[in-house]
Structure formats: structure tokens, C-alpha cells
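For reference, chains read A, B, C, D, E and F in written order, and residue numbers begin at 1 within each chain.
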Amino acid sequence: MTKTLIPRAARLRGGLAFLFLLCFGFPLTLSAQSQAPAPKAESQSAEPTARETQNARVTALELQVADAKSSADNAWMLISAALVLLMTGPGLALFYGGLVRKKNVLGTMMQSFAMMGIVTVVWAIFGYSLAFGPGNAFIGGFHHLFLRGVGLAPDPAYSTTIPVETFMVYQLMFAIITPALITGAFAERMKFGAMLLFLVLWSIFVYDPMAHMVWGKGGLLNASLGGAFPTLDFAGGTVVHVTSGVSALVCALYLGKRLGYPKIPMPPHSVVLSFIGACLLWVGWFGFNAGSALGSGSLATSAFVATHFGAAAAAIGWSLAEWIRNGKPSALGAISGCVAGLVAITPAAGFVSPMSALIIGFIAGVFCYWMVTAVKSRFGYDDSLDAFGVHGAGGTIGALLTGVFASSIINPIFKGAGGKVFPSGLIEGNAHQMLNQLVGIAIAWVLAIVGTLVLLFIVDKIVGLRVSSDHEVQGLDLSQHGEEGYYWETSA
Amino acid sequence: MIKVEAVIQTSKLDAVKDALHEIGVEGMTVLEARGHGRQKGHTEVYRGREYTVDLIPKIKLEMVLADDMAEKAIEAIKSAARTGKIGDGKIFLTKVADAIRIRNDDRGESAL
Amino acid sequence: MTKTLIPRAARLRGGLAFLFLLCFGFPLTLSAQSQAPAPKAESQSAEPTARETQNARVTALELQVADAKSSADNAWMLISAALVLLMTGPGLALFYGGLVRKKNVLGTMMQSFAMMGIVTVVWAIFGYSLAFGPGNAFIGGFHHLFLRGVGLAPDPAYSTTIPVETFMVYQLMFAIITPALITGAFAERMKFGAMLLFLVLWSIFVYDPMAHMVWGKGGLLNASLGGAFPTLDFAGGTVVHVTSGVSALVCALYLGKRLGYPKIPMPPHSVVLSFIGACLLWVGWFGFNAGSALGSGSLATSAFVATHFGAAAAAIGWSLAEWIRNGKPSALGAISGCVAGLVAITPAAGFVSPMSALIIGFIAGVFCYWMVTAVKSRFGYDDSLDAFGVHGAGGTIGALLTGVFASSIINPIFKGAGGKVFPSGLIEGNAHQMLNQLVGIAIAWVLAIVGTLVLLFIVDKIVGLRVSSDHEVQGLDLSQHGEEGYYWETSA
Amino acid sequence: MTKTLIPRAARLRGGLAFLFLLCFGFPLTLSAQSQAPAPKAESQSAEPTARETQNARVTALELQVADAKSSADNAWMLISAALVLLMTGPGLALFYGGLVRKKNVLGTMMQSFAMMGIVTVVWAIFGYSLAFGPGNAFIGGFHHLFLRGVGLAPDPAYSTTIPVETFMVYQLMFAIITPALITGAFAERMKFGAMLLFLVLWSIFVYDPMAHMVWGKGGLLNASLGGAFPTLDFAGGTVVHVTSGVSALVCALYLGKRLGYPKIPMPPHSVVLSFIGACLLWVGWFGFNAGSALGSGSLATSAFVATHFGAAAAAIGWSLAEWIRNGKPSALGAISGCVAGLVAITPAAGFVSPMSALIIGFIAGVFCYWMVTAVKSRFGYDDSLDAFGVHGAGGTIGALLTGVFASSIINPIFKGAGGKVFPSGLIEGNAHQMLNQLVGIAIAWVLAIVGTLVLLFIVDKIVGLRVSSDHEVQGLDLSQHGEEGYYWETSA
Amino acid sequence: MIKVEAVIQTSKLDAVKDALHEIGVEGMTVLEARGHGRQKGHTEVYRGREYTVDLIPKIKLEMVLADDMAEKAIEAIKSAARTGKIGDGKIFLTKVADAIRIRNDDRGESAL
Amino acid sequence: MIKVEAVIQTSKLDAVKDALHEIGVEGMTVLEARGHGRQKGHTEVYRGREYTVDLIPKIKLEMVLADDMAEKAIEAIKSAARTGKIGDGKIFLTKVADAIRIRNDDRGESAL
């Protein structure tokens, strides 16, 4: 019923109106949630015999234990969700904002911030439903339109201990940061309106399907819910980083270079801001990876440790490479390295041992350094802030290495009859897994390339992608937002 | 009256200021500048992209003086600002037609 | 006994001395805490029969379950307290600090930071006791002087699962940020000493009573502990935002405009700083609202989701309004919008559904935009950083909309005999609740106006409120603190 | 076996190679972790009688309760670990980075960031084993080389509820920040390479032994595991702050003053950055101190409250002193004060009452103010960012005051037969404890002085400690890293 | 043509700009500067270390004018920039040999 | 000797610098400036308050040249800095009495 209501209304009133319409949608969502009372403790006892009393006590205890466990996991998941939001704002916004020229700092930060707003609304209306609702192997459906049925009881398909609403908002934070990562590719030259339209469409047509395939019920690549090609991706190496990174490359090629690139020097206007951003990304990433355990059990610990080790080793890897090649390790290099490591460990965290994490991180650090220096200048595309070089490349190598290092001891994901545990990764003897990883990666690449090309084409036709060259010279802050990032003049 | 403009190394500002005080030159205006000349710049590398920075931070001093003070000031600046290395900077002299003190209507040398 | 000791000492030695005096107060507080051992697991078994053993095991389990649940909730409450502190420093300090002129950045940040110090000490000595100690319908008493009796056992009136000391420190973080919010109104022109004195008095005479009325035992407006006019205010729409926002307006009017306002342009010296601050406010607000569930059960999830949805929708609302009116959405507008939404959702979070949160947020975004633009310039007061326009206006509309959208399904707060659940808000059919909300809002407004006027008058007489015009031109950083925010000169 | 493998390889391939070698180490670590399955709930029932069923249910419950409790504590410990990392990056990096001149901002922040990378790797390979592995009274051994045996089961010596791997990564965050604190002493003049080498050696030869003595199994000063001289140090007053602070003084004296110090003015280039850093330190410190409860029970609450109270009182103490002495309280003073208080309360948190925390903090604030002003200028050493004045002095006085105020009611650490509780601190009548505190402090001072001197001498001989005077004038950013912190020119 | 260089209090920029508009002076270039002179600086204290800041933020205005405009401009600047306090600043006049407009090849007064 | 002062669009600095190199002008000093003239500024809106920014970021170049180099330099600057749009800027010429090199005592043209 809502289903039919919405589109018509949308047609009738246009973009602004739909929010008010939610009024009508909202009673539905309530009745939905009413199906979902939180577990509560109770103790009935009618003229009890000793045994009955005890039965009652034990029954009460069982509910209370479930409640305690749920509270513990929920506490961790809520803080994890907050940490993942911290990654986008201010984390990523600062990381990117510091790398651009002064005249574009607000415009760049706004691109991340806008995702925090608009993706949230889309997710609430149908995005979550598309990604995690029941559907086919490629995409969910409209079952959870307006979050109908997304209440305070767990959805056993995803977790038996936390309210599915917690899961929904946690996943939302992923849906927010993924498109934001792309903005690094077309920095300093894209119209704000076009950026909005493109990224919203991208999150619907590229992110949601990919998330569904890898993590959704019945998803083609879902390793824990028996997908056809079980791809190991603990926290989003393919779903988040490959999709965004590859799409970033497509954007860089489609939009073309910034005026004067590479002739005019365009150094970061504040590596200090980027440094703050990178540190917040590191810290927030604990929520991103360890939170993906969907609870605060020991699996979260494994993922947490792997995340930290991967980041550290990658910072060292990138810095060493730079030190050897330029004679000096730079702060920008070190922070770029840690981000590369965090990207690469994302699919692996929760599957690999701490030592493997060190190796994966180190490889990723060196590899991404080579991508953003040698490879990028070799082909000469203007992936302005290296969204592809770090996220596309790092995500891809990370997904591959996950297949290599995944260990059934850390996470016995593949089980047979009677709980028999099968090997996870190549080193453990499951060579076949490499194939599945490749399938997952391939699908992510193809979906990202095709989806991005089509959407860019459409948006270009409708509103045009690039700002005028005058506006580009003037900077996004003034031309797109009518404000400036800094007022240092003493005359105020 | 003569305007003395001196471009000096940023690290020499304090020394030059003190030297000028000693010979009684109080009034001056200081500007942040970047200079280009014989002195080679340096290169910076950001994610593999190399930039040659050939505009080097300098301090520009401007002071308008009575004609007879000019040479004294030049000496003071030279001795205080000199390191002997390329990049120590320059001093330029220009004739000034008149000077006015905004606070009161002093004009000419009495306005300095 | 301490009660009599303190004032005399204070009279004798003056401000500095009292801290040392605490030495005498402190044995008392110890003995107090001794009444409060944390729940511990034990297992006695003297020559057990099977049943006895089991009884023992079950009894042990019951203690352990309580302990586990307590640890879970306590973990969430401690991190929530940390998040709320993060809101003040650096969150609010940056948000406000970026909006002022360069010469006032430190002075502005200091105003928030000072609250972190001084309000803490006042709270420890008697503030908490006034707000949450036993007393009458309007204010608590001195029962918990020096935190006597505030130990590690729960206070069932507030929570059965977390140590009351956790509750105390969590509430302290609210007491810190509330006066800090006011500083936005008199930015760039108030003496540091006067500001300190005024805000300390304000927190005692305005905040503590209001907190007691809405949340304290026996409070007049307390909805969960049977107040006369049960006002729904989940996390402080009236207690925090209406009181601070309305007081801000009074301050702006009492102190008058900044020199040259509105003729001289006074653009923010760094929207970048404000952006960082706004993002940290958003993240910290999860602790503010979801933490107000006083545990990590599903109610926290409801509040968390509502908070995020409200912020997102409001950022969109404000930006759309700006886009339509100025032709450009600004970064400053987007971040101001999200704060407006967070303010408005504060009383509602934990009572409303996700969809309702979107609506509340969107309305608040548009409404506050209109307040800080149209209304403010219409009346021409200099609410320098829009503390009233955002917190006063947003808090008021939020409190009203809470009465409209509150849902007994999300939170069955009104219960009858036999646990029968009554409707919560207007839409559910409880029209009467609107009245209660109005009562709560009215009391907050009156208390804020009267209290602030009186206190400003007193402080003005004693030390004078405004800095000299020379000092105002020079800036607060130099005149009040003898330092500067930035040294960009290359000559160092 | 690994033990012999590593050194040879290292000899063969040098620094870079070892990471790849870990491949061989890693199967071992796996088998290690296999000994550590996380607690899981199960319920067997073969043709059950009523009693048997119940036995089964109770048994299942016991496992589930343990699991729930573990999840709760683990959630808190993981977030605490994240908070402690936040203290180093961006917290400390900003605090220090803002205090130096513009030309050194990146170099200074890099010194902290580098620790996040390199100390992590060292910790994983043998650092943890040296600090917390079995060994003698002074140092652990190589039992946990490559984290062998550091799995997902608890190590009862340290905690019965959280995976020891969580404990390992939490302690790692301490090992990261401690050397980073020292960098404040030799700011603006040390070679990056020399700094790396020195601090890595320092963390091995000074930090690891000290951590072992105070917190490690069988440590000489370990108060909870029956050390010979039980020193009360809840979260690292001696281990972290005395060692780093005293070493900082040695560094300042050994390296000598910065060019032109104290003649040339060297004001902080951005107190704003330092302000952000200080606030993040404050927030992160909750993880540092309350996390040291190793769980989220009521002890964590005690530590949390003490931490906050100590910081607040110290900010007031320092500000008052400054206000009285200079006529103006400064923002830099207030934030320096809060850090001093956090340092001083670190050993005491978890042992003292809230009121005692206020006193300790206030004393520390005034004392450290006196150290960095009167004392420092009296002796004229260039402890550039006051690492000694704040951490050395604050840590020492904090460790002493812990002996004075420690209360067995807050934390019954000294128990006799039959759980009889003995007094903890001086005020409770345990005068003897002061002696133990002095022993702990003395050992920390001696170890720091001797260790630092020897290591500085060695590193000086090998690579030289100080940058050339040209490089010092040019600044670390350009000379050591080939980049600049800010590009404000409009010509980009 | 004459170049008028004025060093003024930072807070007076807007007032001076307006005053110059009124007499029809449109073209000018503004520079951030720090000044030294009779005006005493202030002291700042960082962790007990006291610094005397004797370079005070000022605004420097430069405008090249037709000779007959100079006196008018001086009057306008003086009246707008004057507070009567030490530190109000100075005005200096220098002869300019020629002026060129980059946009088109205008030279001399027509280029102003 | 002649001092050539050029106020140009910020985005043209690199182009102008290169053009000057080609004709052999090495020494110059660069200043960040804000300009006012025929070129219209832009408006910025902060929370509904509208500001008209009529001081536009510009780059000011100063170089002292031997008389015979002046015209060449002017040509180089004009061709490199011209966009044809209002706001391209100006070039001013002033006579310089003397120049001193701080590093050694070179004076006059040999000091440039």
C-alpha cells in the first residue's frame, strides 16, 4: 500500500514533498515494530513446588542471560556504528579536505558530509530493503520499505543477539562512507548538484546490489548464508573498497583532469588536516572491522587486532618504500600507508591471524605506494586524491590475500555436516577459495565500471558533471557554496 | 626622505630589528614575502609528485627615513642580515615625495 | 556536619581554600561508598544434596547474570559519558571557535573548556545533590553533599543495573555542556571572569532545578517517576536546549551587540574548524541521546537511530531551504542544520519511530534556518553564534513534536494498573500530552528568562559583563588570556 | 624453533626482510590460538529426566553467563584500546604539533605517528612477550615470541573474562604512547631516523622491563600478583609517565637547546591544534584509566570518575596559579593543567575516592605549573614541550599521592587469609605503602636515566642525534620529510 | 602620477575604503603588514615564558593616483583612519613613472 | 634602475614567472595582496548574512631592473598575465635610487 502511495506522491510533489509523506508511512512502521518486543525478564510462580520454583528461576535466568548478552553485543555495535560515522565525518572529510587546495576545502568536505544526510534518508526509505531485505541472489526487494519490519527483535539471518534495527543503522554507516570514498577521484572539479545525484544513484544501483550479493540473505557471494560463490569479505573489501575505488577510476577518466594538471603544482593545502583525518580513520576503522563481528565476542578481538596490525605494517611499508625511493619518508606517505593497510585488511580481518595481518598490511602499503606513484603517473589519469590507488588497489589485493591467509582457526566459516570444519584459505589448503575471491572481485569490478559509466552518462546529460572553468579556477567553496574555508585577514 | 626596502632571510628579522633600534630607527613596516633569485629553492614530494619550490619565504622591511639616516640604516641591515650565503637579500632605495602622520597632521620628516 | 563546615570555611578562606577542605569531607564519602559493594558472584556449598547444589548454582547464576547485565550497561554508559564530554571539548569548542573572528578563537574555546573544569567541581560538591538528590518537586537537597552516598551500587530510582556513580558522572557531562551552549550568544565580547561567575551561578540556579524537575526523584515534570505534569523529555530538549537557548537570547539582549554589528562583516574565521566540531557533536550525540536509555538494551537502539535520522533530515532541510533561498547550499548551513536536528530530536529520541525522527529533523532544520535568518534579522538582536536560534528554537519545537509523535510502542512510558499501556503522544490519541509538553516548555522558558536576568544583573554589578571596547577590538585572546590562536609568521 | 629461525634470518636479510619471514612464524601462532576456543553455549540432552534436563539447562546457563560477561568486558576493553590509540593519534600529535613552530608541525606529529607503526610490529614480535610473558622479577622472556600462545582464551593472571589477545592489544596502545610522550623534550631538533632508532630501543630496554616489573607476572613491584615491593600504579603513573618524563629530561639535557633558545621567541604556532589535542587526550584517557580495570564493572566507574575529577581540578589549579601570577589565565595553561591532572591521577584512579581525585588533581595542576615555569627557567634546560615538567613531575607526584589516598574501600587490593582486607594507603593507616611507592618511583627514575643515557649515547655514535643547524633553521618538515604542513598561498 | 602608500590600523580598512570611494578612488591594492614604531606592543605568556610582541598587525594600502587626486585622497584617509591614538599610521607619497593596464594596453593616467 | 610592480591574477603567477625567466629576469619578490578596482567582487552568505567581498585575492610582483630591461619585462608580464577580463591588473614603474646586495657589498645594477 505504501509502495503504491509513494511513487505517485513523488511524481506529484517532487523531491521535497516525500519527507512529509512519511507521516502516512509511519503508522505502518510502528505496527511493524510492535512485532518486536525486546527480550524481558519475568518470573511467574503459581503455588510453586520446589522444582517448579526452580524451573521458574531457571527460565527467568535464560531470558536474563539472553538479555545480558544482547546488551553486551548491542553496546559494542552501537559504539561501532558511531565509530564508522566518525570515519566519514570528520575522518574522511578531513583526510580529503586537507589534500585539496585551500579554495576547495569546504566543497570537498561537503561531498562527504552530504552523504551523511542523503544516504541516510534513502537507506531508511528503501536502501536497506534493497541491500538486506529478502530478494534474489543479486538484490533485495521492497519488503522493508520505510523500514517496515525492521524493529527491535533480532533478525536471525544476520544476528541472534542484537536488534535488527541496530544492524540496520550499523550497515547504514557503511552505505554512507562508500560513496564518499569516490569523491576523492573527482575532487576540485565536480558540480555539487551533479555529485549528489550521481552518488545517490550509485548507492542505489551499485552499492546496494553488491552489499546484497556479499552480505544479504540469499546473496550470490554470501559465504555465511550459503551463496553460490562464497566470497570471504569480512568488513567490505569488495563491497566497500573495490566498488568505490574502481568507480573512482572511472570517474577520474570520465571527468578528465583538473585544469592545469599535471603542469601546475597542486600540493595539499594542509597535510595537518589530512593527518587528523587519517588518525580518525584508523580509530574509526576498529568499529568498521571489529564491529563486523556483530558482537563483542572473541571474533571482534581477532578483527580488532588484525585491523591495527594491518594499518601499522602498511604505514611502515609505504614509508620504507618512500624512504628508499625519495630519501625521505613523508607524513603524507605514512598516513596514506596506514589507510592503504586498513583498506586491505578490511576483507581479511576476522579471518586471519595477527601475523598474517602484518604481512597483508605490509604488502598493501608497498603495493599502493607503487600504484599511486609509478602506475598513476605512467597512465596519467587524474585520480586527484588517489581513491582508486588506495581503495581500488588496496581493496583488490586485500580480497585476494584474504583468500590466501584466511584461517579456519580464527574463524571456522566453512562447516560441514556435524559441524566439521573445512579449511578456509589457500595456505590452509583451500586453493578453491582463491577462485571464489576472484569471482567476488570480478563482479565488484564489472558492476562498478558498468554502473558508474551508465550513471555518469545519465547525470552528465541531465545536469552536467563539471563546473565551468571559471568556477574551477575560483574554487568550489565560492562557486558551489558561496563561502570560504578560512578568513585570515586581520581587518575583521 | 628616502624609502629603504630590504628583503631579508626570515630568520634575520629579529637581528635586523635590533640593529636598527641601535641606530635609532624605530618606525618600520614588515611584510611577509616570497623571493626568487639566484638562491635555489627545494623540492617537495607529495605521493610521488615532485614540486620544485622556487619561491622562498622572505621578510620585506620598509622604512622611510631622513636622507642622512639612509646610509646608516643600510649598514645596520647589511651587518645584521648577512650570512654570506646566497639568498641574503637586497636593499633598495627610492625617493619619497612626502610623508604624513595620520594621528596628527605632521608632514615631512617630522612625520617619520 | 560537612554541611556546616563548608560555608564557614568558604567564608574564611575564599574560593581557593575549599578544595583543600575536601580532605575532611572525604572520609565521609568513603564510608558512604562502603555501603555500596559491587555485585559479586559466590558459591557456598556445605555437604550438598543434589537439589541444594543446584539451588546454589542457580543462586550463583542469578548474581552472575546481574553482574553481566550490569557490566554490559555500564560499558555503554561509560562510553556514552565520554562521548558527551567529547561534545563539549573539542566538539562545541570547535563549532563555536570556528565561527568567531581569528582574534577570539581561544577566548571562545576557553569558555567551553572552563565549564569542563568548574562545573565538575561544583557538581561534585553539591550540584549533583541539588539536581538528583531527594528534595521537593522543584529542587533536590544537600543529601549527597560531597557525593556522600553516591557509590557503586545502583540507585533504583534512576537505574537498577548501573552504579549510581556512573549515573552521576554521565549526568555531569550534561551539566557541563548546557551552560557552554549559552556562550554562543555573548561570543566575542564578555569578560572571562564574568562569564565564569555567571555560568556557574546559572548552572546552580537554572540548570539544577530544571534537571530536578524533569529527571529528578519527585520532580514536578518527571514522566517516569510520576510527576504532576509528566513531560516527555528523553535526553534534555527542555532541560538542556530550551534553558540554554532561551538564556542565550536574554544574554544577547542584555549585553547588546558587538562593536560594529551588523555593519562590519564578521564572517567565521574557519568554517573548517566548525565543520570538525559539528561532526564531533553528531557522533557525541549518540552518547547524549542513546546513553539516556541508561543501558544498552533495545531502547538505546531506538534512541540511536532516531538521533541519526533526525540529524540527517535536518541537514537536508536546512540545506534545501538555503539552496532555494540563496541558490547555493553552504557547508555552514549543512552543519548548522544537523545540529538543529540533533537538538530537536533530543527530547524525542527514545519515544519516536525512525520515520517520525526523519520528519521531526526535517521540520527542525527548516524552522531553525528561518529563525536564524528571517527572525533574527527582523528583530536585530546579536545572538552571535545563534545559540537561541538553534538550541532555543530547536529545543522548543522538538519538545512540542515529541508530544505529537511519541509512541507507546517504542517506549511504553505511561502504564496503568496491571501494566496496561496508555498512548504516549498526540498521534496515538493522547492529546493531553501536548498540554504537559507545553507546561514543561513554559516552565523552562520562564525559569531561563527570570534566572538569567537576575544573575546577569548581579554579575554585572559585581564585576561587569562586557570587556572594554579597546579589548573588544583587540580580541579576547589577547585581552583576556594574553595569547594568540595562531602564529603564521615565517620569522619564528 | 622460531626463536632460532628469526635472528638468523634477520642477520641474513636485514630490517626489511623479517616481515616476510613471519610467514613461517605464522602457522605456529595459529596452532597456538587453536588452544583457545572462545566460550560457546551448548545444550546436550539424551533421554532426559527432569533433573538431568535442568542440570543441562543450568550448565548451559553457566557457559552463557560467562560468555555474556566476557562480551560485556570485552566490548569495554576494545573501545578502551581504541580510545588509548586516539590519545596518541591524533591526540598527542596535535597537542605537541600545535606547540611547535609552523615549520616543524609535520615532523613533530610524525614522531608520534611513527610509534603507532613501529612499536606495534616490535610488540607483536617480542615486545609483549618481554613485558607480560613469564620471566623473572625484572623482565619477561621470549615465551610469546610472535604472539605464540596469545590467543582468544583469557590469561587468568591478567583477567578471567577477556581474551588475552584483547589484553595484548590494549597494552600495546600503552606501549605506543609512552615513547611518543618523550618526543616533547627534543622537539624541533632531532633527526627522524635517530628518533626512530632511539625510541624503539627505549621501548625495548626501558618500557618493557618497567611494565613487567609493575604489571607483569612475577614482577618485582606487582601489587596484585604479589611482587616484593607492591607498588600501587593503576594505569601507569610510574610505568608510563615517570619513565617517559624522566627520560625526556635526560634527552633535553643530552641534545641541548634549540638554536636561539631562549633568546628567540618560539611561541606555539597554533594553540588551537593543541587545544583539540588536549581535549582528545582527556576523552581518550577514560580508556587509559577506566580501561585499566580490565572490565566494565564498578571498578571501571571508580577509575572513570577519578580521571575526570583529576583533570578538572588540575585545569583549575594551573589556571588559578597562572591567573594569580600573570593576571590572566590562558587557554594553553588550562589545557596543560588538565593534562597534568590526567597524568597525576593515572596511578591513583581505581584506588582513590572522587573527592581524593579532586585534591590530587588540584595539587598536580599547581605543582606542574611551578615545574614548567619556575623550576625550568631556573635551570634553563630546553624541555621544549615540557614532557618532563608535565609527565615526569606529574607522574611522580601522582605516584606519591596514590600512596597517600589509596583506599581499600574503593579497591581492596591488599587481602589477607580469608579475604581479610588490609588498609591501602597512608590515610587509611598503611604508612608502609609510601615506602613501596618510593621504591617504585626510584626504580622508574633510575631505569629511565640510565637506560636513556646509554641508548642516546649509542644512537648518537651510530647515526647522530641532532639535525644540522641549517636543517634546524629550515625546519623538520622540509629537512626530514620534504613536505610542508600548510600551503596558504592563493596562487595554487 | 603619484603612489600613495598608507599604513593604517587593521580595524579601519572598511572606513578608509568607503571614504576613498566617496571621492572617487576605486583602484587600490591592500596588503597585510606588521608595524613597528612609537606604538607599544603587548606581551604574551606561554607556559611562563613571556614574549614582547612589538610588531603590530597593520593594513597597508597602495594606490596610484593622478597628481591632482593625491591631496584629496590623503584627506580622506586621514579623516577616516584617525583615532587620535598612537599607532594610527602613516601615509607616504612617491612619484610613479608610468602605469600600464594589463587587460588592454592603456598607459599612463588612463590606466588607473 | 626601475622598480616594476605588477598586480596580477593569482592564477597567473606561474605563467608570469616563466615568461620573465625567458627574458632573463631572475630576481623578484612576490607578495600576497588583495585588490580593489573595476572588477566586481562576489557575495558570500553565512547563516543568512550576506557579505560583499570587494577585495579580491591578487599577487603582487616586485622586481628592480636595469632601465633597458623594463620594457621587455612589461611586455612579458602583459602577455603572460592577460586574460582580457576585468581584473587582470596593473603594472607600475618607479625610479629606484640605488640597490645593495646584502651578501656582498655590490651596489647599483650589479646588485640586481
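Of note:
Here is the rule we use: a contact is a pair of C-beta atoms (placed from the backbone, for glycine too) under 8 Å apart; a residue touches a chain by one contact, two chains touch by 3 or more.
Values in this document were obtained by computation on a predicted structure and should not be read as measured data.
Note on connectivity: the fewest chain-to-chain touch steps from subunit D to subunit F number 1. Between A-F and C-F, more C-beta contact pairs are found at C-F.
Averaging Cα coordinates per chain places subunit B and subunit F 18 Å apart. Here the CA centre of subunit A is 54 Å from the CA centre of subunit B. Subunit B and subunit D have CA centres that are 48 Å apart.
Of all residues in subunit C, those touching 2 or more other chains are 54, 58, 61, 65, 68-69, 71-72, 75, 79, 264-265, 267-268, 276, 326, 328, 330, 332, 482-484, 488-490, listed in ascending order. Each of the following residues of subunit B touches two or more other chains: 11, 14, 31-32, 34, 44-46, 94-95. Chain contacts here are complete: no pair of chains fails to touch. Of all the residues in subunit A, the ones that touch subunit D in their complex are 51, 54-55, 58, 61-62, 65-66, 68-69, 71-73, 75-76, 79, 83, 101-103, 264-272, 275-276, 279-280, 282-283, 286-287, 290, 295-302, 304-305, 308-309, 311-313, 315-316, 319-320, 326-332, 334-335, 338, 353-356, 358-359, 362, 407, 409-410, 488. Residues of subunit C touching subunit E in their complex: 264, 473, 478, 482-484, 489.
Residue ranges on subunit F touching subunit D, taken from their complex, read 10-11, 13-14, 32, 57, 59. Interface residues of subunit B, counted against subunit A in their complex, comprise 44-49, 51. Of all the residues in subunit F, the ones that touch subunit E in their complex are 2, 6-8, 31-38, 54-55, 58, 60, 74, 77-78, 81-95.
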